[in-house]
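Two complexes follow with chain A in common, the first pairing it with chain B and the second with chain C.
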Partner chain A sequence: MKLTDIYWYLRPDIIKIEKEIENNIDARHPVLEEASSHLLKAGGKRIRPVFVLLAAQFGNYDLNTIKHVAVPLELIHMGSLVHDDVIDDAELRRGKKTIKSKWDNRVAMYTGDYIFAKAIELATYSDNPELHHILADAMVEMCIGEVEQIRDQFNWQQNFRIYLRRIRRKTALLISVSCQLGALVAGAAPEVQRQLKRYGYYVGMAFQITDDILDFVGTEKELGKPAGSDLAQGNVTLPALYAMERDRRLNYKIVSFLQQSGTEAIDMKSVIQQIKQTGAIHYSKKVADMYLNKALTALEPLPESQAKEALTQIAKYIGDRKF
Partner chain B sequence: MRAFDNYNKELNRVFDSFYTRVSHPYIKKFLEDPVVDTDQAAVLFYMLKDKGYSRQYIHDCILTALFVQAALDTHETVNVHGLGTETLKTKRQLTVLAGDYYSSLYYYVLSQLGDVPLIRVMAKSIQDINESKMSIYKQHKKKYKPGIRELKNVYTSLLKNIAEFTGSADRVALIEEFFLFKSLLAERDLFLDHGYCGKALNLFYGSSEIKLNSLNEKFIIDQFNIYIEASMIELEKLLRHNNGSADYIQLRFDELLQKYRLKEQCAVEEG
Partner chain C sequence: MKLTDIYWYLRPDIIKIEKEIENNIDARHPVLEEASSHLLKAGGKRIRPVFVLLAAQFGNYDLNTIKHVAVPLELIHMGSLVHDDVIDDAELRRGKKTIKSKWDNRVAMYTGDYIFAKAIELATYSDNPELHHILADAMVEMCIGEVEQIRDQFNWQQNFRIYLRRIRRKTALLISVSCQLGALVAGAAPEVQRQLKRYGYYVGMAFQITDDILDFVGTEKELGKPAGSDLAQGNVTLPALYAMERDRRLNYKIVSFLQQSGTEAIDMKSVIQQIKQTGAIHYSKKVADMYLNKALTALEPLPESQAKEALTQIAKYIGDRKF
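Entry: the complex of A and B
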């Protein structure tokens, strides 16, 4: 089963949201317009709008109201991808040239700034001021999270707490906010909003941990980048952290690599093998499952509905996903 | 001349808030604090004060405008190509993130105040400015020919939109012209002193990739002077028509003009 099969019944509304996004990045300048739509055409799961739509079904579902949250959230995600590609000096995204690669860093900066500002402007057309507290708070947190990710690159003195805080800001926050805001603008009860916020947070955490596991167990073809790329770039994720605690020799090897800021070569194949031998993958999977169970528990008090079933299925899908 | 009595005290309070909020220990290790344009803050201060806005509103409006400007200016310094050393790479990464962080601060502060209309003004200004920056940077002569209007937009869109929003539309022309004049002078100085190629240069020349020689250097300086003189005339005209509500701009204009004349005189004397 594909992820999109879970929320197939939302397809017409997702298409409308896509159209809204497309209509709203109609910059006057041809390069700005082309750069913005270039990213849109590259596709994506649109998972944030999906969470908004599903969460909104626990209140008064009105697409004209919900779009003031669904569109900005996807645009914020898109804007951050454009800037992330400058940060990572990335050439490709989803198999297509990045904006910074097709044009240059400056075009990417202008495009990202334009998209972020457009997202915020669109959010101001919602008549719910609380939306801005939540969204602005999330944006500040996400920025701090990204700064801390740079700070923690090649930092061998990390612990689980730092890792969890990092992925919370990097991934879980925006998914959590998507669920919370969907429920908020649809006027769902405060308790429902809280439960959906929790659900989004736990799903986001599980999603990122699963991503971090896949980086060690996937092949280059499956991942679209060499296995172990996160570690090679100095990002110490849960499997590596666990393995470093379990295996002293491996710890020494990874620490030496990190201390050299990745400038000295490392036999990543053998490192990955050693990480696997410590049981790190199994352990990380257990942590991801723990978050998924918490996500499912958060859904329990909510009334039975097609949306609840879809959110349950999405959580399970994330737990089972291979790539 | 109106006394600029509370100017320093009030604005210093804004600047303190600004530097406290933008300060991040890790960013600080690699990047300088953003530079505040005190003229921008002062013009906003007098404009809002004259309209009778509260002390707190003036503080918050200037503070958030400074965040927006800091974000835009910071992103302008992201290097176009190449990675260089590890430190340069980290610097570039943090420059991107610092700009995003400053930008998120304007949204955060205004959302706490519940000032949704002002959030929209700021967000629209950022879009306008980036549209104009792109027009100047990637000139598309057939479809979209940029002009001095685009340059004015880059330097003044934020102030212009705030002025219109806060009921000071009558000051827009003067504000636009003053900041255009000031920016042209600053870019000209940078070019003369360091050969720096800024936005105006890109506009005159049609490209940021310029190999300087004596011929095109003369052309560029002539272009600068033409635009500066034109702006100066326009600014004098606008100042003559103002009814005493632009003392600060008049004062700063006189200072800048004096500096410009002095530099011109030196250039003539040095041959």
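Entry: the complex of A and C
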């Protein structure tokens, strides 16, 4: 089963959202235009809008209201990816050249800024003040998360707590907000909003941990970038942290690499192999599953519905996802 | 006379605004904290908050309402300076090391992002939807302006029109919005808002042109960076554009320099001398004066008041300013 099969019935609306995103980053400006359309073509799962739409099904579902949340949330995500690639010095994303690599860091900085500004502009069409607060808070938290990522890059003195806090800000928060705001703009009960926010948070944590696992176990073709890219860029994720605790020789190897800020070559294939041998993948999957169970628990009190079923399926899908 | 003498009576409120800015970029996060406080200490004229306060005097002046506009506007300005320094590859601003030079481009990118996000967060405390639209539009325009600046950097095929459009987005717009929003949040009549918006636009244009003149006529001590920095960073401003039209040999010299993206050394002292000899400074001053006259005309229909007098004085001050 594909992820999109779970919410097949939302397809027409997702296409409309996609179109809105396209129309809104149409800058009528050569560099921005090209950079944005390059970004758009690179695709993406548009998972944040999907969460917004599903959450909105718990209230009065009206796409004209929902889009003022769904589109900004996806744009904020897209803008943050463009800036992330500057931080990570990343050449490829989803098999396509990143903006910072196709143009340069400066263009990436401003394309990201432009997309953020557009996101905020669109959000102003929604007249719910609570929404603006939540969105703005999320952006502040995300920014702090990115600064943490810079600080933690190539830092070998990390622990699980630092990692979890980082991915909370980096990923879980925006997915949590997507669920919460979808319910909010649809006028769902506060209790429903709260549970969906919790669900989104746990699913987001599991989603990022799974992403971090896949970076080690996926193939270059599946990932759209070489396996082990996270570590190569100095981002120490859960499997690596676990493996470093278990294997002292591997720890030494990775620390040496990080201490040189990744300037010296490392045999990533053998590092990946060694990480796997520590049981790090199995352990990380267990952590992801723990979060997924919490996500499912958050859904329990909600009334049975097509949307609840889809959210349940998505959580299960994330637990099994292979790419 | 100093600029601050014009609005001396606002001093207690400006101190409060300054304090609010300080409290709000207090990130409780090592890198951000340091970078932001470095930025704060570098000072600045805080001219945007001043315009907000003065414009608010045309309505019901209440600092608690006004600050939700004044602080975000200054933060947006500060954030854009941090990102500008990345674009301009600038080492110094106001005699202090820039964030990109004290840390690096990545820290500058994220410090700017964080400050922008904070600005938006604070603006959400104001519940006027019109305000959010105007602010968001301004941010989008500013972003496009910055992209234009990248595009135009080291580009020798420019004209006055391109220059004016660029400074409109870069400077005039935010000052215009400061005046407009100050009047808006104070509940001033729409006609008053409109005139103040016009005033701000013209004053902003004159302000930037004067800045661009000073970059050639100021001393390193006055400027806090070497004279001719704009041109050295590939930013071709009005005096240079005028001089290039007038002096063919100088044109050739500057074009060669720009074509090499500033990689080859240029005798900036002699270039500045030659620019001055074409009458470029006199011409640019005349253009600035033209905008200042328009600014004063925009004020005319407004009722006589302390604020109107101060705005008049500020326009005149900009025409005479030496640093």
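One rule holds for everything that comes next: the second predicted complex is superposed on the first by the 289 of 323 C-alpha atoms of A that agree within 3 Å, B and C clash if a C-alpha of one lies under 4 Å from a C-alpha of the other, contacts with A are read in each partner's own complex, and residues count from 1 in each chain.
Note that contacts are C-beta pairs under 8 Å (C-beta built on N, C-alpha and C of every residue); 3 or more make two chains touch, one makes a residue touch a chain.
Everything numeric here is computed off the predicted structure, so don't read it as measured data.
Novice: Which partner chains sit in contact with A:143 here, chain B, chain C, both or neither? Use first/second/both/neither.
Specialist: Touch partners of A:143: chain B and chain C.
Novice: Taking the superposition as given, does A:189 touch the first partner, chain B, the second, chain C, both, or neither?
Specialist: A:189 sits against neither chain B nor chain C.
Novice: Examine A:31 and indicate which partner it touches, taking first as chain B and second as chain C; both and neither are also allowed.
Specialist: both
Novice: Mind working out whether A:92 is in touch with chain B, chain C, both or neither, as first, second, both or neither?
Specialist: neither
Novice: Under the contact definition given at the top, report the residues of chain A touching chain B in one complex and chain C in the other.
Specialist: Touching chain B and chain C on chain A: residues 27, 29-32, 83, 86-87, 105-107, 109-111, 113-114, 116-118, 120-121, 124, 129, 132-133, 136-137, 139-140, 142-144, 146-148, 150-151.
Novice: In the complex, go through chain A and note every residue touching chain B.
Specialist: It comes out as residues 27-32, 80, 83, 86-87, 89, 103-107, 109-111, 113-114, 116-118, 120-121, 124, 129, 132-133, 135-137, 139-140, 142-144, 146-148, 150-151, 261, 263.
Novice: Over in the complex, which chain C residues touch chain A? Could you list them?
Specialist: The touching residues are 27, 29-32, 83, 86-87, 105-107, 109-114, 116-118, 120-121, 123-124, 127, 129, 132-133, 136-137, 139-140, 142-144, 146-148, 150-151.
Novice: Write out the stretch or stretches of chain B touching chain A in their complex.
Specialist: So the residues of chain B touching chain A come out as 24, 26-27, 71-72, 75-76, 78-81, 83, 86, 89-90, 92-94, 96-101, 103-105, 107-108, 110-112, 114, 116-117, 119-120, 122-124, 126-127, 130-131, 133-135, 137-138, 140, 143-144.
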